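The following blocks contain the structures, represented as structure tokens.
After this come two complexes, each holding chain A, first together with chain B and then together with chain C.
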Partner chain A sequence: MVALTVLPALGQAIYFKDKISWRSSIPASEMVKVDQARSWGDVAIWVDARPEEEFTRDHVPGAILLNEDRWDALLPQLLSAWTPEKKIIVYCSSIGCNASREVAKKLREKVQLKDSAGQNCVFVLEGGWEGWLKGR
Partner chain B sequence: MKSFLRLLDFIVGAVFIYAGVIKMLDPAQFAGAIDNYKTRLPWAVCVGFAFYLPWLEIFCGLALVFRLLYHGALSILLALISVFIIATVAAKVRGLDITCGCFGHASQHWSFPAHIAVDLAILCAIGMLCLASRSEESNR
Partner chain C sequence: MKALLLTTTVITVSILSATARADLKWDKTTIEVRTGPNDQMAVAHFKYQNVGSSPVRFKEVKPACGCTTVQTQQDSVPVGEKGEITARLNIGDRTGAQEKTVTVETDDPMNPTTVLTIKAFIPQPFDVQPTFLFWQGGEAAKPKTITVRVLKEWEFPVRGIKANSSSWDFQTKIEKISKDEFKVEVLPEDTSRAISGTITIQPEDSTRKYVANLRVMGSGAATDLISNPSNPSTQGSEELLKNPFDEPAANSSPSP
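Then we have the complex of A and B:
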């Protein structure tokens, strides 16, 4: 059974080869480093995907809270601040957290946020909040 | 008793088939869930598991339902659920705020007690099936 399972798993890996990277958990085109994100200045909208208590304790200046727990209540605030010229940078607590990936995915797929050229405008901050603190 | 055990076969089998199919449909999400346990596994290994484990769960679930390769499937599922429980408890002890990847998006907001309760219930059910199949064999 253990060996039998390898076959469909291999088939699936081939089928999903363009949809999942074996090198990084997020495709490079959807990640942004702290320095690059800072260089975007006012074009960037920072989105904090951590729980509200952590956001209240401290966050990137000007960041908007948007997490999956209160998605419907918090989303309008982001949408009112966003225009197609803006880039959205989503972060959660650290490099291993999942919240920023999920929020970014939802913004791309469900809300369908794209820039004026139809390209991706939602990025995940490499290293998350910890990375931002180190680069401060 | 025999029909109860058969029903348990179906329930446990169905749970693993469901869990496997949900995860199989979104391997990226499952790979992320494995990565979140911070077991120091390289990302490529997490991706490999994300492709492999759902199919293993599906085949083992089917084996329980159809009683094919039954003992092997039970042993694998017992090992799998034990590893899941150990990994979950270890993550909690290390203070990790993880999302449960057991049923894909459906279990994303499960609390730790709910997560452990489901895993322990499945462990008990598999344990019962293992004991029953052993005593069945010794009676032959």
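Then we have the complex of A and C:
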């Protein structure tokens, strides 16, 4: 019975070992709800991962634009505002968008932003911009 | 008699509307694209044919991401007609696996929504980490390291890398760890005041440049100190390390 359960899982693990992962997965601990994010107040830096046109139309007050269209050009503005005491909240359009996850992942893995205790300081906003509008 | 005529008409109309069915058949709803190192766009052509017996009208064709644009050839697809929807993903500074969707809504009541998926793999020749080094104000002025790895998808040998600092406030030293790995050590001149800069890392024989941001934190944010790496006026030191397999390494800090 155990073998019947384990064997397919092993097979799947071997099959998908070198396969490309197309979606950025993110643990629940790295997501943040609108209410909690708001409660962080000045400690929070809001990062808008949507395209520039959408950011220009409207965005969370004080948010910094950062997307993968012009990553290198946009990143310095965020880094100049960041200190290890700050928490970064990344959002994109809605619950279905993936841009905020990709930007958050890049900030964690490539830029390697961490708080002063060496813990994660980059969070993805649940519900994105639409969620923020609803909670406004 | 009238009732019979009405019933017959209703039945006939019902049968006709049931048989005159729209049916848009897609060749593929998911397309994988592998882009070249200099490509600006990943392009996918989603082909379709109306194999039904009535025209199909596109109500909306909407990409999920602003980074993707779509182009339709026609608003309405006559019976038997073929066509395609072209989706273009702007690569920008994206790397690795990217998945973007386009939602197509039609007036076909049986199949009103189709999700098209473009999966693009954008090869990244080098992995540079971290792309940000910082020192707290007053922290000991010790060097910190950026690692540059040549990834397996890059098929060409890398003889060496260049590290071009935007500011004399940061000294750099390159060390070759193996034929696929380099380390760039960065040392700030002073950690008692807020300074910032960038280092542009460029493997030899490659046009790709990687920017790492550097910052010594003072009492406040150093917003206006971030220099533009593309601005030649901010360019400072440069050093070059050749592959020791080809010739001896020239491994030195930049001289002011």
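A few notes on this one:
We adopt the following convention: the second predicted complex is superposed on the first by the 111 of 136 C-alpha atoms of A that agree within 3 Å, B and C clash if a C-alpha of one lies under 4 Å from a C-alpha of the other, contacts with A are read in each partner's own complex, and residues count from 1 in each chain.
The working rule: a residue touches a chain if its C-beta (ideal position, glycine included) is under 8 Å from a C-beta of that chain, and two chains touch if they have at least 3 such contacts.
Since the model is a prediction, treat every value here as computed from it, not as a measurement.
Of the two partner chains, chain B and chain C are each touched by A:Cys97.
In the superposition on chain A, chain A positions 20-23, 68-69, 96-98 are in contact with chain B in one complex as well as with chain C in the other. Of all residues in chain A, those touching chain B in their complex are 1-2, 4-6, 8-10, 12-13, 16, 19-25, 68-69, 93, 96-98, 101-102. Interface residues of chain C, counted against chain A in their complex, comprise 64-67, 90, 92-94, 97-99, 119, 121, 128-132, 134, 136, 196, 198, 211, 213, 215, 217, 221-223, 225-226, 229.
Taken together, the chain A residues at the contact with chain C in this complex read 20-23, 50-51, 53-54, 67-72, 75-77, 79-84, 96-99, 109-113. Within the complex formed with chain A, the chain B residues making contact are 24, 27-28, 31-33, 35-36, 38, 43-44, 46-47, 50-52, 55-56, 59-60, 63, 69, 72-73, 76, 97-99, 108-109.
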